[in-house]
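Common to both upcoming complexes is chain A, partnered first by chain B, then by chain C.
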Partner chain A sequence: MKQISQSKKIWRRFCRNKLAILGLVILIFFVLVSVFAPFLTNYDPNRSNLRNRNLPPSGDHLFGTDDMGRDIFARTLYGGRISLSVGLVSVGISLSIGVVLGAVAGFFGGMFDTVIMRIADVFYSFPFMILAITISSIFGPSIYNTMIILGILSWPSSARLLRAEFLKLKNTDFALAATTIGANPSRVMFRHILPNAISPLLVSATLGVASAILSEAGLSFLGLGVPPPAPSWGNMLNRARPLHILASMPWMWLPPGIAIFVIVLSINFVGDGLRDAFDPRQVMNE
Partner chain B sequence: MKKQLVIVLLLFVLSLSVVVSAQEVPVLGGTFRYGTTVNPRGMFNPILYTETYDGYVIDVVYDGLIEIDANLQPQPKVAKAWEVSEDGLEITFYLHEGIRFHDGVELTAEDVAYTYMTILHPDYTGVRFGTFNMLVGAQEYKDGTQATVPGIEIIDDYTIKFSTNRPHAPLLSSFGYGILPAHLLAHIPVGELETAEFNLHPIGSGPFKFVEFLTDQHVTFEANEEYFFGRPNIDTLVYQKVSQDTIPIFLQQNRIDFIEISPDQFLQVSDLGHIDTYIYEALSYSYIAFNLRQERFDDVAVRQAITYGFDRQLYVDLIREGFGIVANAPMPTASWAYTSEGIDPYHYDPKKAAEMLSEAGWTPGSDGILQKDGERLEFEFLVPDGSRLTEQMALLFQQNMEDIGIKVNLMFMEFSAAVDRVDAREFDTFTMSWSLAVDPDPYSIWHSTSLWNDPGFYNEASDRLIEQGRLETDLEKRKEIYADWQRVINYELPSMFLNYGVAIGAINERVKGIDADPGPYGPLVGRQLLWKIWLAD
Partner chain C sequence: MLLGFTFLLYLIITVAPGSPVTHLRGVPDLDTAVIAQREAQLGIDQPFLIQYGRWLGQILRLDLGLSFDSARRPVIDLIGERMPATIILSLSSIILGWGIGIPVGILSARYQYSVFDYIITFFAFVGISIPSFFFGLVLLYMFALTWNVLPAGGFFMAGEPHTFVGYIRYLLLPVLTLGLGSIASVARYMRSSLLEVLNEDYLRTARAKGLRENIVVYKHALRNALLPILTLMGFMLPTIFSGAVIVENIFTWPGLGSLAIQALNERNYPVIMGINLMFAVLIFLGSIIADVSYAFADPRIRYE
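Moving on to the complex of A and B:
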């Protein structure tokens, strides 16, 4: 029998999940489209032209124009850049905090564990959106603040996850072996245990990106996320809020609305696919 | 210009189309809901408040000696009559007997004296001293060198005399301030009045009694059954907080009876059928203020260049959909002192703007932003949120500035937070608007000593003209002085003026007894008619 590496096995299992593949394709599509936005449209997403305001979709403006006469197709593309990067960066922030704190809590236990986990509990006990709104109104809306707020508020879940993994793994033979031959704790933690705890983390990070995109949209919709004129899907929806736009100019809110819906759904498919693929019990069914 | 004509025609057609219904008998009872989009700050004290929205509350809770009618003329209120001495230096007010505050205590000349003495008091924290500093002995009292003000003299319980040491043209129209109940406030040191509990639970002698104020919800009043001039026809008055976006729904569902709508809602609201709309030129203007304490804005060329670089006509024509008139000085078209003679219109000219900036020593840096001596021409623009049109204006401004090499960072902020920043002078630029008093005297906003002079404007000629304007009692000569003053401001541009207000009042057709041919104060004459209107079923 040919030896297959672990990652290849996972990839094969992932490929068998049709929804996950669909999600991945859509996700890659969105990423490409956002990255190459300048090549796909000639319009500057922030450039208003009041003489062309509120135009329905046409050959000139594929998705029409908004109330400032800006091209909605361009804004949707560039908005994707911002929404995706807010999602990725905030998850990056939450992971880096969560990984360190979770690893320390799980590995050392005792006081470290108690203190860190109680702090996590405190973060958990606040309603997320309300806290985000409060912080954002204190520090003022900006892209970076949004990233930082979302990142800082969501670290406890990855910390908890990692702590549980560390509790389980720190008494395994390989970890004990590493400790016994004199590896220092940080080496044991990050070189030996962490790689084995990566799969649940990856799944939760993927799903975290989706929820960060949603939260960014929510904050921006309330005017507390990405400030104008930069487009994000959330603040595009915010601009489409007045009744007459909702009722008679669907081109202003359909593109960002659909984009958010589709991307969050596809990230969730990918996350589910990853979880199933990583799950060793799936092997039984092969 | 065309748009202006359209508006005038519209005004004309509308005033024709609203036929005043035959004398109907007022119906008692019901709740009238007056929509507002901004919260009051909770300073319901007529001599201390500074925000229009606090003024809304004060308007119905208090009565002043006089009130200004729809034609901008002073009319008797608490004072049944007044007498001006021949030399114009003395005014004697004769008060109605039997006017009572909401707690039942009678209003006398004592209360009137308390109200105006407090404004002159050395510890007074408000901004209105300048309105009355010409009263005999006012300055000495303020400075603490004298214990009384000879210029305020109680003749008897119902007669009070004010005398000035120089002619003061706007004097009579300044006596509209709500009269405070001395028996409730006299024991509080004037310096602590600002924080008095009273300011949140006001008691006056006006047509409505204050009931409650809930931020972001409403301010409620009940009819003052004992109102001296007759009980209001409605039982309850509510100032209902509404978000700009939901105004049409609130009107449609009869959840508000009156509100000023923004131009982009005009078509939608006029389609509602049971809502009548009135268009009127208001005594107001909007502006973008520069912080002149900063070196870059201290240069008049920079201010003029920024003004040339902003397409205000486009803003009025497209964003305001023609409802408004581009302003070039702080004197609205609705005022008798307005002039267009010798006023530079600063037509949009980005090329000229760029030239002026380069002449002033600003050169493009590597990022395209203008620089001078290492300082980038980049500033924060404080924009109170809540109004979509203001937001759009801000975006257009940002883009227009970018075109001439100026970087503008938008800072959207809740209205009262923005006011706090402005009061603390922590701003580069901000936008707001002024609703003006009936007298064109610009002292309280533009004199260099005035606390409302937010930009920090000081100009000798301007100060001198403002002072002259107050002294001159001949109307034609006064008009000339203010025309000169407008030309000074038009050149100096301590703020960039955006537009004079053209307001649209939307009112439910069940509301009767309104002014169907509104002047600058709209169909309810500010809030004066609230106690006279009634609701048909």
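Moving on to the complex of A and C:
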């Protein structure tokens, strides 16, 4: 019998999920398009040209121009950079907080567990958006504040997840063996246990990027996320809100809106596909 | 937990750079004594813990302080005015989400892997992925601006009679926008919860004794599958309220969410605090209701 490595098995299971593959392809497309934005358009996303205001889509301006004469195609491409980087950085922040706190809570238990999980409950049970707009307006909206706010407000979900994994894994033979031969707790936690808890973490991080992109867009839509003139899909939608623009110039708000929708949908497909691929219960019907 | 939240909130607000008197510092002819007097009047010259303690004592007496703006109105009145609109909006969206989500989820699980199931699963993904502000704008564009069949926002003009049809007309678009996500996530949860229960041994027994599949599903399985959905109720309130802030903003709905944005722009801290607090209380009540109804529905945990 041929031996197949674990990652190959997971990849094979992932490939069987057509929606997940579709999501992955779209996601890669979005990443490439935003990375290579300067090669795909000659327009500067922030340069306004007051003679070319409110132009409908044409050969010159693929998606038309906005009320300050900026090219919407260019702004949509560059907006993707902002959305993706806010999504990745804020998930990075929330993961680093959540992993450490969740691991400590699960591994040591007792007081640590109680205190950390109570704090997590406080964050968890509160309407995210209301706290986010409050903090953002107090410290002033900026792209870095947006990343930090989203990261700090969303750590509890990864902390909870990791705590549960640690509770399950800390009494396994390999973890006890590592402790017995004298490895110190942090080595046991992060070298021995953490790698075994990586798959649920990866799934939650993937879905976390989707919700961070949604939240960034929501904050920017309310004018409290990424501030203009930097293009973000959320603040482009915000700019298109006056009813006359909404009614007669759909090219200003359709591209960023569809972009957010499609990227979030494809990340969700990928996350769901990963979850199924990692699920050991699926091995049986292989 | 509520206490922990009030502390966190007060901390954030107090460490914030910029206070209601910051703009006064820029005025050249203004004496510092005047600023100090204004600070003392607003009570923001005291040390942090004293301010926090005093504020906590006040809110226990339901006194949320006075608004910082020129009208100096009691915050509790401002909130009281806006709260009904937010509650109507959120409650209708919850009812819509559960009323559609649960039956759809049940059917989807009952006919697993059917065409219907695939369609529902796909639309559930769409529902959780579409940003409410984009979906709201699309609805606004179609129904209010292009076809002109529904109002573009607001909630009853001054002097307009409060008829039932009027309620529906104003509520339809915001509730649909806010409720779409809940429909999708309730349907997904309901489907997976029912599928999980359908694999239980006692259902095999029920089938083995010759019961029809419909009776097995709707009578035996459904009751147990609905239990976890009840707890979902408590989790979903924060999401609904978060969404309400955005939806109120799109449809100029006169609720707490639009009041919050307005207060944030004016750096009107007592109002912001009051709104945050009010949401915390609503969520707290919601989770208590969810817990109680869970105990009510599941005899196994009643005496624990």
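What we mean here is this: the second predicted complex is superposed on the first by the 286 of 286 C-alpha atoms of A that agree within 3 Å, B and C clash if a C-alpha of one lies under 4 Å from a C-alpha of the other, contacts with A are read in each partner's own complex, and residues count from 1 in each chain.
Note that in this section a residue touches a chain if its C-beta (ideal position, glycine included) is under 8 Å from a C-beta of that chain, and two chains touch if they have at least 3 such contacts.
Only a predicted model underlies this, so the values are computations on that prediction, with no experimental measurement involved.
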Which superposed partner A:53 touches (first chain B, second chain C, both, neither): first
Partner chain(s) touched by A:122 [first = chain B, second = chain C, both, neither]: second
Contacts of A:229 with chain B and chain C, given as first, second, both or neither: first
Partner chain in contact with A:241 - chain B first, chain C second, else both or neither: both
Contacts of A:144 with chain B and chain C, given as first, second, both or neither: neither
Touched partner set for A:36, first chain B, second chain C, both or neither: neither
Contacts of A:68 with chain B and chain C, given as first, second, both or neither: first
Touched partner set for A:174, first chain B, second chain C, both or neither: neither
Greater chain A contact set [chain C / chain B]: C
Chain A residues contacted in one complex by chain B, in the other by chain C: 137, 140, 241, 243
Interface residues, chain B side, partner chain A - complex: 244-246, 248-249, 264-265, 268, 314, 318-319, 385, 388, 391-392, 395-396, 398-399, 410-412, 414
Contact footprint of chain A on chain C as seen in their complex: 1, 4-5, 8, 12-13, 16-18, 122, 125-126, 128-134, 137-138, 140-141, 145-146, 152, 238-239, 241-243, 245-246, 249-250, 257, 260-261, 264-265, 267, 272, 275-276, 279-280, 283-284, 287
Chain A residues within the chain B interface of the complex: 46-48, 50-51, 53, 67-68, 137, 140-141, 223, 227-229, 241-244
Residue ranges of chain A touching chain C (in the complex, touch as defined): 19, 118-119, 121-122, 124-131, 133-135, 137-140, 210, 214, 217-218, 221-222, 224, 234, 237, 240-241, 243, 246-247, 250, 253, 257-258, 260-261, 264-265, 268-269, 272
